[in-house]
Amino acid sequence: MTYTFNFDWIAQYWPVIVKGILITLELTFVGGVVGILLGILCAFVKLYGAAPLRFVVGAYVELIRNTPFLVQLFFIFFGLPALGVRLGELEAANIAMVVNLGAYACEIIRAGIQATPKGQFEAGVSLAMTRLETFRHVVLVPSLQRIWPALSSQLVIVMLGSAVVSQIAAEDLTYAANFIQSRTFRAFEAYFVSTLIYLVLAIVLRQAMAGLGVLIFPRRSSR
Amino acid sequence: GQHAAAAGLDAVEQRGTLRVAVPQDFPPFGSVGTDMTPQGYDIDMAKLIADKIGVKLELVPVTSANRIPYLQTDKVDLVISSLGKNAEREAVIDFSDAYAPFYNGVFGPKDSGVSKPEDLSGKTVGVTRGSVEDLELSKIAPSDATLKRYEDNNGTISAFLSDQVDVVATGNVVAAAILAKNPPRKPEPLFLIKNSPCYVGMSKNEPKLMEKVNAIVAEAKKDGSLDAISEKWLGVKLPEDI
Amino acid sequence: MTDFTLWDIARNLLLALRWTVLLSLVSFVGGGLVGLLILFARIARPRALRVAAKLYIELFQGTPLLMQLFLAFFGFGLFGVSVPAWLAAGIALILWAAAFLGEIWRGCVEAIARGQWEASASLGMSRFEQMRHVILPQALKIAVPPTVGFSVQVVKGTALTSIIGFVELTKAGTIVTNATFQPFTVYGLVALFYFALCWPLSLTSQALERKLNVSHSHY
Amino acid sequence: MSLIAITDVHKRFGENEVLKGIDLDIAKGEVIAIIGKSGSGKSTLLRCINGLETIDSGSILVGGVQLSSEEKQLRDLRQKVGMIFQQFNLFPHLSAGRNVMLAQTVVKKTPKAEARKIAEEMLDKVGLAHRFDALPDELSGGQQQRVAIARALAMKPAALLCDEITSALDPELVAEVLQVVRRLAEDGMTLITVTHEMNFAREVCSRVVFMHLGRVHEIGPPAEVFGAPKTPELRQFLGVN
Amino acid sequence: MSLIAITDVHKRFGENEVLKGIDLDIAKGEVIAIIGKSGSGKSTLLRCINGLETIDSGSILVGGVQLSSEEKQLRDLRQKVGMIFQQFNLFPHLSAGRNVMLAQTVVKKTPKAEARKIAEEMLDKVGLAHRFDALPDELSGGQQQRVAIARALAMKPAALLCDEITSALDPELVAEVLQVVRRLAEDGMTLITVTHEMNFAREVCSRVVFMHLGRVHEIGPPAEVFGAPKTPELRQFLGVN
């Protein structure tokens, strides 16, 4: 092999990488929190909402799940200005992440809710709670607990998918890699380093979600 | 080493084909026709070099992200992809003599009040990441100008047209092509950055190949064939300083 | 600048769509086969195999497919091994899909009641025979909906092969946009074609899921 | 005036007419046992009283108010009439105490501290004050059912509907739950229980309702119903000839 | 020589020692009933004999061969000792007949045609020859359990382990399954059954084993165990004083 790896550039470019990591984390965090909230809302509407609302949510979910994230991103960033909504690349990226995860989370959460025994709902209602109150206090937490692993996986997928936001000049981790390689022509090294960082982020994210799960969901203490 | 012996000019002649990385997303240097075949300044340049060496030409369409890895892993012999030069890049690959002018400048609405680099202060500038103008503008732009670096030319132009950036830095031919389409937002020339020419890229330490390419470029300048290419794609003759 | 008619744009995108379909088929079928191996390793008796499979899954689910493709194509090249683009794309997509499919299917295998393992063991079947005759036939049935669902991800995942030179649907869209400066028309069509390809798969998956749920409620 | 007045109630599921005209008046403080074969419509009747099923015709008045399917009104009704299920249906993510507190804070807007006091009181009433913080998973079936009773009681209902609340329990656990119900009856709670425990029905109830094919087939004080069943269907059900 | 010889078997799950030294010899043709409270280790003992659980110490010999955890040997053992489960565990994707054929063709490499003949024979033995092509879903619980018995019998085992094979069944279906087991016993099959059916144990078994807290607490012919229980634990279990 004639190619010799050279990582000297790190000394000069590490701020770009750190910024990239932070932005990737921001996108994942905002996408994760707001996206899951949106998913919960959509799941509720899809299960209990009025027919027209159900249709709108259904169309949204199908549209998002069956088209590439990149195209969605382009429409938000380049398309919305035509309608008078001009978003910065970070806002656009964040919104695209939320919209994307929201659709997937909706389906995952809906499945979790549907797996809730009917008796839980009836018990809530027969204690004079409204449907919304029953959903909020009785159905939601156990449903989330049921689908938490699936949701965590989806979040990792979305985090990795966020790489394409570099196309609209959002300065995430992939942007950092591309920026560095465009200056230094050290493509292998830049991609290798960013891949490793993604791997670490994915593992950390999974662990964090597991830890969060332990915090949110009660577990029986051993008898 | 061994590897080098099998590469370079000898390998090209032995193989009978010259493999060249060309852009597909950077008109007028490289784009496609309605039949998706590559066309543009860089493609004609590649044809010229292959002709002169006397071998067949194999065009390999590349992006800005993968053009150098193609070269480094010996999947192409030359990169003719409107490459600009800087010191860091020269540490990794070798550059021939310049084969094309690249007049780049900053373009934007007339009323943007920009007429020199200092005026970019506080403005948002769209530019294609890794392009010649990216390298140049990064050097001269004031520190409080925001550079938005898009993946490809299309991103940069779309960003300008959709009002995501105040002005763009790009080739004057690119700007002219857009102006010709009479868009709602017009990229009028504001100021010229400089003529920062394009070079042919090749693996390091291929003296024979370098010599050959430089000779072909020099001859093409002399016999007017490069002028012809320039006129075809850029609408003007090759400038004196190339 | 060449002038593209709407038909030119659509025609070129449709031609590129062939690559999307072909790559999807290759990665889905190949990923299925390798995924089966991953599944077997993941639930094998020897700990080493299980751990290896787990690491494999972590690696391929934890890094961007784009980087996997890049490293598969150019990484070997660094060592002087020339891997053609179609092979690199095939390998990377297959390994990536296998990680996801293996994990999806493991869930399905684990959903089969323990009693089925015990009953078949107590009839003297070996672990492989148990899998082959008792567990897999049942697991595959419940695995169909999520598997079809994942095929949508595969279709969309093939877009990333442009990093190693494939002009599939998304890449063709970028190229044509750069020649036409009509991003809305082009990406609108791109989205439409993806939707036309993926939506039937989604619908099938949902329909199968519903059907399965119904048959479950009999128990 | 009767607390619950059921008049000519009909209910069908598709083709299947499950309730074929039920008339039943229940006074405050009464303890009613509903018995009958599987499928005779016992659960459906209870669920109709609680508004979990809508009725097709007839009327149900609770405390003089007509039952409708209007949400707000249903909520009022359900504060007056609690229900306990065969499968307990405790909320698995909440401790026993929080199970009892939840509806108070959500529905009645009782302040947390007060809700907690009431929850402790109710758990004490069912003999589980010491398991306030236990999750449902950590409780035996009998304990879970007692928490469910405490949960319903915390809403201070005027009447309690119990649907086979002991049939998911092991025999040894049945006694502890019945003990609790017996005490409620003594305290004057209005109780309507579907039950298979004939001894319980005999000893505790003021009236026994025998349902058959979607109708109230026989009704009367336990001594009468068990001691001198009039219809052959009831005799067959009781296994006497 | 005894067919199954169990010597000082210990088994623990984590902290919990479930079997605390079991000694038991079973001769060919014996019919043994194992009785005892829930949690006393009955199922665990059966599962150990069949190699579904590994033992921590002691030894189990079947037909003179020591039980190990080696795969090949386990397979041989399991061809000698069949097991039937409370939950039937039929393969839901195969018809009744194919359920009975599967292990023969896979494990013993019996040719299809012959396996089919044996399957028909075995289904006939349990009175289900006419349901050869029915899927498990289409059979009643009692029929499913009888298919499970036929499936075990088709491997021509020397002994059969039955773990509460009637407790998932409605009372009316219990009889049909017990009838089949009774006939097996009469035919000389070695049977070890965990059961709550005391009448069955009394009438059919040669010996009754009472397990308590992980030990064989009392053992003897049914007349002795049921007629004159020696220990207070057994007396309590049987409800006699």
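Letters A, B, C, D and E name the chains as they come in the text, with residue numbers starting at 1 for each one.
Heads up, the rule we're going with is that a residue touches a chain if its C-beta (ideal position, glycine included) is under 8 Å from a C-beta of that chain, and two chains touch if they have at least 3 such contacts.
It should be emphasised that the depicted structure is a prediction, and the values quoted were computed from it without experimental measurement.
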Neighbouring chains shared between subunit A and subunit B, ordered by label: C
Joint neighbours of subunit C and subunit A, given as chain labels: B
Far-end chain from subunit D, centres as C-alpha averages: B
Rotation angle (°) superposing Cα atoms of subunit D on subunit E, nearest 5: 170
Longest centre-to-centre distance from subunit E, chain (CA-based): B
Between subunit D and subunit A, distance of the C-alpha-averaged centres to the nearest whole Å: 45
Length of the line joining the C-alpha centres of subunit B and subunit D, rounded to whole Å: 82
Separation of mean Cα positions, subunit E and subunit A [Å, integer]: 52
Subunit E residues counted as touching two or more neighbouring chains: none
Multi-partner residues of subunit C (at least 2 other chains): 70, 74, 78, 80, 183
Touching two or more other chains - residue numbers and ranges from subunit A: 1, 3, 74, 78-79, 187-188
Chain-level touch network, classified as line, ring, star, complete or other: other
Pairs of chains found to touch, sorted by chain label: A-B, A-C, A-D, B-C, C-E
Complex contacts: residues of subunit B adjacent to subunit A: 1, 3-4, 64-66, 68-69, 72-73, 86, 88-89, 91-93, 126, 129-130, 134-135, 148-151, 155, 158-159, 161-164
Complex contact set, residues of subunit D against subunit A: 50, 52, 71, 75-79, 82-83, 85, 87, 89-95, 102-103, 106-107, 135, 137-138, 148, 151-152, 155
Complex contact set, residues of subunit C against subunit B: 1-5, 8, 12, 15, 70, 74, 76-78, 80, 82, 162-165, 167, 172, 174-179, 181, 183
Residues of subunit C touching subunit E in the complex: 113, 115-116, 118-127, 129, 133-134, 137-138, 141, 218-219
Residue ranges of subunit B touching subunit C (in the complex, touch as defined): 3, 24-28, 31-34, 36, 39, 60-63, 65-66, 69-70, 72-75, 152-154, 157-158, 177-178, 180-181
